[in-house]
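Two complexes come next, and they have one chain in common, chain A, joined by chain B in the first and chain C in the second.
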Partner chain A sequence: MDERRSWLADAPRLLLLAALGLLVLAPYVWMVSASLKPLDELFRASLALWPERFFAVENYGKVFARVPVFQYIWNGIVVCAGILAFQLLFAVPAGYALAKLRFPGRDIAFGAVMLGLLVPPHVPALPLYVGFSQLGMLNTYAALILPFTISVFAIFLFRQFFKALPDELIHAARLDGMSEAGIVWRVVLPNAWPAATAFAIFSVVAHWNDLFWPLIVVEGPSRATPALGVLFFRSDEAGDDFAALMAAAVIMTAPLVLAFLFAQRRFVEGIATTGLKG
Partner chain B sequence: MAGIQISSVAKRFGAVAALNDVSLTVGQGEFIALVGPSGCGKTTLMRIVAGIESADAGRILVGGRDVTRSRAADRDIAMVFQSYALYPHLTVAQNIAVPLAMRRLSGADRLPLLGRFLPGAARRRAAIAQDVAAVARSLGLEAMLDRRPGQLSGGQRQRVALARAIIRRPAAFLMDEPLSNLDAALRVQTRREIVDIHRAAGVATLYVTHDQTEALTMADRVAVMMAGRILQVATPEEIYADPQDLRVATFIGSPRINTLAAEAGADGVVRLAGEAVGLVATPGPLTLALRPEDLWIAESGIAATAEAVEFLGESVLLHARHASGEPVILRLPPEAPRPRPGTALRLGFDPARALLFDAAGRRVAAHAPAERALV
Partner chain C sequence: MSDAVLPLRRAAPIGEALAGLMLTAPAAIAYAVMLLLPTLAAVALAFTDYELGMPGFAWIGLDNFSELLADRGFAVSLRNTVIYVGIVTPLSIALGLGAALLIEAGIRGRALFRAVFFLPVVSLTVAMAAAWQYLLHPTIGPLNAALRRLGIADPPFWLSSSDWVLASLAAIGVWENLGYTMVLFLAGLTAIPRELYAAAQMDGARRAVDRFRLVTWPLLGPTTLFVVTITLIRSVRVFDTVAVLTQGGPNRASEVLLYTMYREGFTYLRLGYSAAITLVFLVIVLGLVWLQTKALDRKIHYG
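Entry: the complex of A and B
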């Protein structure tokens, strides 16, 4: 019945989704369009998505010529990968312990995690900055990565997800001779793929786009992340050349967009293959 | 040398005593079914034997070795779980191989990628693959070695779980209601398969179930557990015919054994609603218990009223009510005349097969008097 529903019955739903999707995508589409136009066309009163004269080569050329684009993107990859790796390294075992092990003080530890969720990242920013400054670690990858290595949100997310895994699975692993660490990495994490994927998306997007913390600890282009790079480009190089600025923004967001387009199917697979006992 | 020895194990959960001084010995190669209603502590006991749960008191010996303080992995025990607990992300072959991989490969061997190049690792892996193939063949799993548990039916998952348990040749098997997730037809078939596997492996097996049919059909001996205590351990025949406790008598057997309030007078003559029933016992209030198949319709005997008839194929169940209001069920041959509802009946029985229990539910000796007064 449901599968044979006519296209017409689905139309209102699809229309609504399309409209909402367009609304969300509009700024991005406008950015791409603007990056292809010459400056005078950009400031015209009329709204046109399709450029009359293609100025892509000039705009993108300007960006590549004036700023170390690949340096920024490399910095972004190092920082995001570093943060994600450490976050998983700490949060997965912590989430497992909070979800499945019984030990004195567990409830207090979990309470502390919940409390940590309430602290906005801007609050510890100043003391952290002073600390890194005293250690002479400003303008390093370490300064960009270390403050985010322990994510209470990740601990909370994994704990909730691991709680849903059957206890018998963990008991079976123990009887089969696995150590607790073996259980975490060989049994629990592979079966928490959807949670890990969701968290990875969350973490990478947040830190790729983060401007606040890099702005505090980074000076100059050598350690600048993509978001900071766009900012540098605006103030130093492009001035008010918005077309080139849009081109820079497109370049900096492109790796994320590409990554998600390629990985999309795997993410969905990850969610579909968590078939425990039916 | 005993397979599993459980001695004086106790366990409390807060104020609730889950296990109360439980002792049980599973002999080498013996199959013991631990049966009891939900919440009687049988699963807790099994988890203590497995090392998943710790006991407050008592000792556990496996193969003669004290493992009370050992980790689950060091107890040389394999367990089949109710939900099978297969690793969903591994193939059937990988699932079966896990216990061997954990024992025969070193930590370095098991590293992804790198482990393949270590000296000897390839040989050890090949040996494991061979064992997996042999076990898979014996359980008819060859065709599905590359599938994942999510793609298997319940019966197939069950067999993978059994394969994972037998592959490492443990000193003892534990099975926690392994058939409860299968449909009725498959359950009967798998029952036989588990018994055959047990015979072939010759390993001490403790099998937990709430299903008395499973217990009676599969086990060498049945242990009946209630409220944290083991009430009786005996062969299926003995448990059925010679229960030592009223709770055992009522738990084993379907339909339930008939129980009627009786009393032995000062002269020792057992009377039911004032009528002597042909038994002698120590004076006091008693419960007279009779299996449905040990009753028949007679000229004289226990007074009852017929209520309903159920046709089961190989027999007929006659539901009746004793004069005191207690229900009585008779199992009659299918060709026997069926009384209409409301008919007044007299029920006869063989005093030698009647069971008597005292007020505390303990079995008391019943003697037939020299002259058979009634029946």
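Entry: the complex of A and C
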């Protein structure tokens, strides 16, 4: 663990990392490169990354002209924000109650949380689909959001985090005459910011990228999320037009990747802490 | 859980109990409606012949499961899932651990490489699947163009060849997961006290390999166990890449558990049969968690 090593001594490590890194980046590089080329250049399968004829305007223009890109991204934002808002609204008070309050049924409730952690979201999907279809609620934001409003994982995470908060803090707030609900939102939550951001990142990444559930409950573009948008574009519009397809892929991948590049540390820590507790 | 007597406990027992119930009520209702009841319904469904759009249904006991046992398609799907998991789990763990160790071993480029390896975790899977489709395209794909240039006249057709499709999907799976395992290993590595390495070196562990064997690997035990379980569970769930790239084809060569479940349920609308597949999936996931707890019980763990 030499802290100050010369470039020469560090070279093997850096070369290995660079080689592995290039492999990981290859799909991105080729995706962007293909999105800048005209189709005939793609079909020649040349290994040149830089286009001979710059075709970005045409390719990206085609995507924006043919599919409601902003509608998809907007749907993605509405769905992710809706899911996260409900998850926090339900899980933060429940996590607080489980961590700091004594009430009848608390142990059963905690047992239910632990049990819920074991069930993958694919299991309740069939009956939920039947339910939404009976209620005529397919193809709505509600159908996309409601199944994920309860996150047992969030309850578990917040409970663990709140347990570590000092009781004096809560006691003092109570002496000030604050209600329990007031304590949750104005005392406990502000102190749980690291857990809340970590969970928010975990949740948004999971639901922005989810394909399974949107594929089940959504038909047509009006409520399609970005994942579905790419899928539709791929099957209906693009066909063999890989240049336009790659442009669509770049556009739909960009929002989350940009967010990640701006707040890298938070993302990595968010996934690591939530992952380790899951 | 019934630890120390909390001072706030005596302050307002009834008020506290009421507050506790009120604060958990929204979560409890959502839990019951969105998780508990549908899960129980899915279990019940597996013992019926319910089909969407049909007027009624009958309880048929274990018929769905005996049909599963006889179903060649299901056997193929299960086998493919096992092969996929068998490739993705060890490779993404080995590469993730390798990347984490290399990153930890020095100062230069830490943030950069961590970001690079993590990028696939935050990228839209469907879009990246499309990128892979282009990369692996038999005729216009850069991979085969490069292989041809290297003198391989007939490179494989990757995603459209029944011999290569699972390996190709698994390669994409490793690419998706290695950043995730790397992050978990990095968290585990930072928890190892620096002094232990110095101590090992004093005791004669001169080479990095020896220090890895004596210090890193044993202390990383609990992390590794957790990473193994979570990677197994993540790769059993493979769905997106199959749905986007192959739809189980060619010739069912990439049919996997969740995709079969999806098709039976949402394309053929045979909900009872699909629910039976879901139960098999659930049992596999629960089995993996159970194995983890078993292994945890036997292992000494630190921290």
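Going forward, the second predicted complex is superposed on the first by the 212 of 278 C-alpha atoms of A that agree within 3 Å, B and C clash if a C-alpha of one lies under 4 Å from a C-alpha of the other, contacts with A are read in each partner's own complex, and residues count from 1 in each chain.
The rule we apply is simple: a contact is a pair of C-beta atoms (placed from the backbone, for glycine too) under 8 Å apart; a residue touches a chain by one contact, two chains touch by 3 or more.
Given the structure is predicted, the values throughout are model-derived calculations rather than measurements.
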Original post:
More chain A residues touched by chain B or by chain C?
Top reply: C
Original post:
First (chain B), second (chain C), both or neither: which does A:97 touch?
Top reply: second
**OP:** May I ask you to decide whether A:174 touches chain B, chain C, both, or neither, giving the answer as first, second, both or neither?
**Re:** both
**OP:** Using the superposition on chain A described above, determine whether A:120 touches chain B (first), chain C (second), both, or neither.
**Re:** second
**OP:** Would you sort A:166 into first (chain B), second (chain C), both or neither based on which partner it touches?
**Re:** first
Original post:
Touching A:13 in the superposition: chain B (first), chain C (second), both, neither?
Top reply: second
Original post:
First (chain B), second (chain C), both or neither: which does A:42 touch?
Top reply: second
**OP:** Would you sort A:242 into first (chain B), second (chain C), both or neither based on which partner it touches?
**Re:** second
Original post:
Hey, what residues of chain A end up touching chain B and chain C alike?
Top reply: 171, 174, 273, 275-276, 278
**OP:** Name, in rising order, each residue of chain A that touches chain C in their complex.
**Re:** 1, 3, 5, 10, 13-14, 16-17, 20-21, 24-28, 30-31, 34, 42-43, 45-47, 86, 89-91, 93-94, 96-98, 100-107, 109-110, 112, 116, 118-120, 122-131, 133, 146-150, 152, 155, 167, 170-171, 174, 180-181, 184, 205, 208-209, 211-212, 215-216, 226-228, 230-231, 234, 242, 245-246, 248-250, 252-253, 256-257, 259-261, 264-265, 267-268, 271-273, 275-276, 278
**OP:** Over in the complex, which chain A residues touch chain B? Could you list them?
**Re:** 166, 168-169, 171-178, 182, 187, 190-191, 193, 273-278
Subject >> Touching residues on chain C, where the partner in the complex is chain A >> reply: 1, 6-9, 11, 13, 15-24, 26-28, 30-31, 34-39, 41-42, 45, 52, 95, 98-99, 102-103, 105-109, 111, 113-128, 130-132, 134-135, 137, 139-142, 144-146, 149, 175, 178-180, 183-184, 186-187, 194, 197-198, 226, 230, 233, 237, 239-240, 243-244, 258, 261-262, 265-266, 271, 274-275, 278, 281-282, 285-286, 289
Original post:
Once bound in the complex, which stretches of chain B touch chain A?
Top reply: 47, 50-52, 71-73, 77-79, 81-89, 98-99, 102-103, 148-150, 157, 164, 181
